[in-house]
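Input: structures, listed below.
Shared between the two complexes below is chain A, which pairs with chain B and chain C, respectively.
Right after this comes the complex of A and B.
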């Protein structure tokens, strides 16, 4: 039997150390490459950065908005705070489908329990996953949990795989030749793109005329989206949260009267309020010659502040919400949000004054 | 020992290769399944339906307007050019600029297109009045019996009408009081 010498032990130690070091270096390299290669959504298309920003928000949120661009572009969270002391957050993203919203609500409940949840109903028209890119914008930013796993399962289109969400490098490795300076600048740190979920635009493009809606052979809202709406209702009920269903006041894509009736019936059956703000544009005070930045598809800052004012009045008159302006530790956090909001507004207005259009936000800022 | 170190080097190389290999499919977040049109409106139309087509050999519905064929899911630019300049135009970018929905309205029809990877494709044709008809002769005001007689009963029936599917497209008739009140050709654009 061969005697193990100190020299053999040293060789063995060296061998093991090399293997461990090699694995560690490879793991760090993969981790770094993944961080580098995933889209950062910092310029132009910023919607993919919205969902993850929620986890950085330190103040409590008594009102949570759920939905797509009809909430994150149309409701100023700062106006809600400034005018009513409402501390809110918009958990919204591009073409956020009903099951996305459901699982984002589940996710939110891991951190806090709001008093009120406001769900915008436009996405109910979609009964199936629509596109991988929208899925990514919503799901990649979610913190890992069973809710995220289930959200991915519910959302994947035909060509998507769970493994690509678990290891995004498998999905994005081919971006190596599309990388921009923005990718390198934001490997570890992302700039803020919203104020508590609100995406600001200060430019103005008056509302135009929309194409006449195409008649449909069947106006029944998809079973799958209505099931998830029911799950949202049930989840709110289980957690003693008041739910409000809304339809934002923007007119395109068209919201059919038949859909409206179904949502109204659903709301009545479940004892939740449903407010279609399309019918309240005058009451809100919207002037769509000045309150939209893209010909009526979404509201600009002016419109979003008016809409927030109107919703805020409803919220404080119907629910027992805290005036966080009177809570110093929360008010100080909101002051930071307001500072960001005001600086963003001023920066956009400066570009509008200089160029006549925004250069650093929206379509002009898209890099690839 | 050297073999192990070499293995690590190779693993690193593989990692780099993984990062470096390029695939257009991977860079395209949206994979389409557009159908190839059965006939072309103008030369070239229908020859380059969106990538990822699962039904490239199948037909799609084709509407004909003033002698111009408009197949669903066909590239739109040449068709729009052939239809002439007399139209009103509306466009709406999708959320996060993932595409652009365009609507061209010509008197009696409306042509809609969608954009994928910088190329516009025919998304839909809407017949707006009874001065135009499908190539098979059905127009707004045609009866239920006439629709069934021409297109048959192999269809999906909604609360307010019928949908006939052909390849990656469908043709819908909205019915009211036993008569056609709206006709729409629609491309099926897979996700």
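Right after this comes the complex of A and C.
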């Protein structure tokens, strides 16, 4: 048998070192390119950046809102704090489905246990995964955990694959052709797009006429979404969390009477409150000629602050919540949030004054 | 499991690790068999039945043939002294008939399965085109890679009958030869004599082989995913609306298809050979710079080499030296003169080869016509050979670099125009489109933004062009130096590793896969 000399060992080491270095270089290159190629959601469509912002929020949250645009555009978390000392966070994103909300609650419980969870019921009408782009906006921002894995499994449409979520570069590699300056600027750091999950708009477009509701052949809310609602109830119960079901005060998409009855029955059976704010628009003080920015689909800052004021009153009168304005270490964290909130408001108002419309937010800011 | 799918990549990666880490080196062929059958099973469990029947047929008849041949040789030896020449000749003739009969049955079953599965509907379609009452098509499975593995078993049966290879007595080993998964889908068409040794011998981990294999696989994926699958988008648009894309667009189709087919087919073969190499198995090369050929004959010696040699060895030669052909040769020399007479049998054999080549490529008339067009062009260039020689002698261009480049360009254009049959998949349409290049003058449209309406944007064209230049330069290196670039790179190992990294990253980022792209099958999967 040939004796292995030191020279042989050196040659072997040389080759192995080259291979190891090569694997490392390939891994770093792919890691960087993945970061570069995934959408950043920094301008225009910012909804995809909302979910991940939660992990940067340092203050404790006694109230967690779950839902779609009916919560993240309609409830000002800063108003809740400023008026009532409620420290809250909205874990919501575009067309967030019921199972998204369930797994986001599971995910939230890995970090903190809130006193109250508020779930907006509009998404109950969806019993099937809807579209990849909305899935992505919710799921890509979630931190990796079993909850994320399960959320992906529950959400994938027919053309999606788990591997594309694990390695997003496989899904987004073809974006090399459409990279913008924003992509290069935000490879490692993202700009903040919400204040504790609230997406602000200060512009105004009065509520218009909505199309008449289309009669449905079957008004039964889908079994799958109701099942996940039950799981939300159970999860809250297991963790001694008070759950409130709400329907935001916006009228479109249409919320059918029959759906309302089913949710009310469900709430009664499970002993949780259900408040349909559509019927309380006057009590909230909403003036839909000034409190919406997109003809009534969502509230603007004025409307979101009014709604927060109303819902905050309910929260402090029904639950034993801490007034965090009196807790200095939390209050100082909130000061930063308020500063961001005020600066954002001022920046939007300045643009409105200059152009008559927002240029850096919403549809005008979408990068092509 | 497509070669370009992630499950396939994982399948190969796991196999290589298990192969070298957990399986003793002399048992590794067994794992290859299991992996091959698993690969085939995942494609469709029913395929296993077809491949097993074909393999079993060749296996049994080969043993019967070999046993019979041994016995007759022994018998002949035993009676050598007592028999006169006539008796020996009679005995040989009779026993050869038995051998041929065994071979006939082996080929009948193997080729019968191929014919029924692949060509039944083609025959029905052809009959229907001549009848007013059409026959209905039959629902038959076309097992993946049936043309490839059938040709392998046919060559094995013939080689055993000829006595050039020994019959394999271990069925599982033989089944591995037939089903070896990297080459099952798109070739090359391996011969038992070439593959058996490397397939069954104990395999030790060979660092160089594994490195070469990996680079080759990455190169294959680069060609397939970055070039071929990107260009296919534009080609589909161009050929789907032939009335819209005539004239100069047909030339674009020619160029794009030449690049797409080359990168698709050679990319697939690179992946095949690379996987085999990583597993310590040497598979024959199937391409040798075909686009650097100076004439069509040379082209066919460099393109799909294993298919070409298969047709030469198992159709052309046997046909040329068959008693009927020899008689015909004699007759034609007597009646047509020596010059013409000697060509007759060659041309008939050649015609049969190209007819078979066309049919092998697909059960459709455009393939048949494509095959015969190749025959016509080869024969014409052969007939014009004296004229060329005269021309070369007079002007002395032959051998000059610029003239060689011109010859290469001429051959490339000629072969690319023949490939139009495969693009348009209709004989009449192909001729019409080819003709439109000379009657419709619309080259201006190409530069008026029409190319950007074919499904590819500026970036896609840039990526495809850069990748094609890279493929060309690697080929040019081999053409000029006579060795592969990977040999040079391996000597400078950091460069070798860097090449792997660059290829890997390029494939991941610039590959035409995932959402927005159809995962295109390799073109030769269908054969």
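Throughout what follows, the second predicted complex is superposed on the first by the 365 of 368 C-alpha atoms of A that agree within 3 Å, B and C clash if a C-alpha of one lies under 4 Å from a C-alpha of the other, contacts with A are read in each partner's own complex, and residues count from 1 in each chain.
The rule we apply is simple: contacts are C-beta pairs under 8 Å (C-beta built on N, C-alpha and C of every residue); 3 or more make two chains touch, one makes a residue touch a chain.
Please read all numbers here as calculations on a predicted model, not as lab measurements.
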Per-residue touch tally on chain A - higher for chain B or for chain C: B
Tell me the contact category for A:69 with respect to chain B and chain C: first, second, both or neither. first
Contact-wise, after the overlay, does A:37 reach chain B, chain C, both or neither (first, second, both, neither)? both
For A:131, decide between first (touching chain B), second (touching chain C), both and neither. first
For A:163, decide between first (touching chain B), second (touching chain C), both and neither. second
If you stack the two complexes on chain A, which partner ends up touching A:29: first (chain B), second (chain C), both, or neither? both
With both complexes superposed on chain A, which partner does A:177 reach: first (chain B), second (chain C), both or neither? both
Considering only the touch criterion stated at the top, classify A:215 as touching first (chain B), second (chain C), both, or neither. first
For A:19, decide between first (touching chain B), second (touching chain C), both and neither. both
Contacts of chain A common to chain B and chain C in the A-superposed view 14-15, 18-19, 22, 25-26, 29-30, 33, 37, 132, 159, 169, 171, 173-174, 176-177
Contact footprint of chain C on chain A as seen in their complex: 14-15, 18-19, 21-22, 25-26, 29-30, 33, 37, 132, 159, 163-164, 169-171, 173-174, 176-177
Which of the residues in chain C come into contact with chain A in the complex? 6, 207, 457, 459-460, 493-494, 496-498, 500-501, 504-505, 508-511, 513-517
Please give the residue numbers of chain B that touch chain A in the complex, ascending. 1, 4-5, 8, 11-12, 15, 18-23, 26-27, 29-31, 90, 92-98, 103, 105, 110, 124, 126, 128, 157-163, 172-174, 181-182, 184, 190-191
Could you pull out which chain A residues touch chain B in their complex? 11, 14-15, 18-19, 22, 25-26, 29-30, 33, 37, 44-45, 47-48, 68-69, 94-95, 128-134, 136-137, 157-159, 169, 171-178, 208-212, 214-220, 252-253, 294, 297, 363, 366
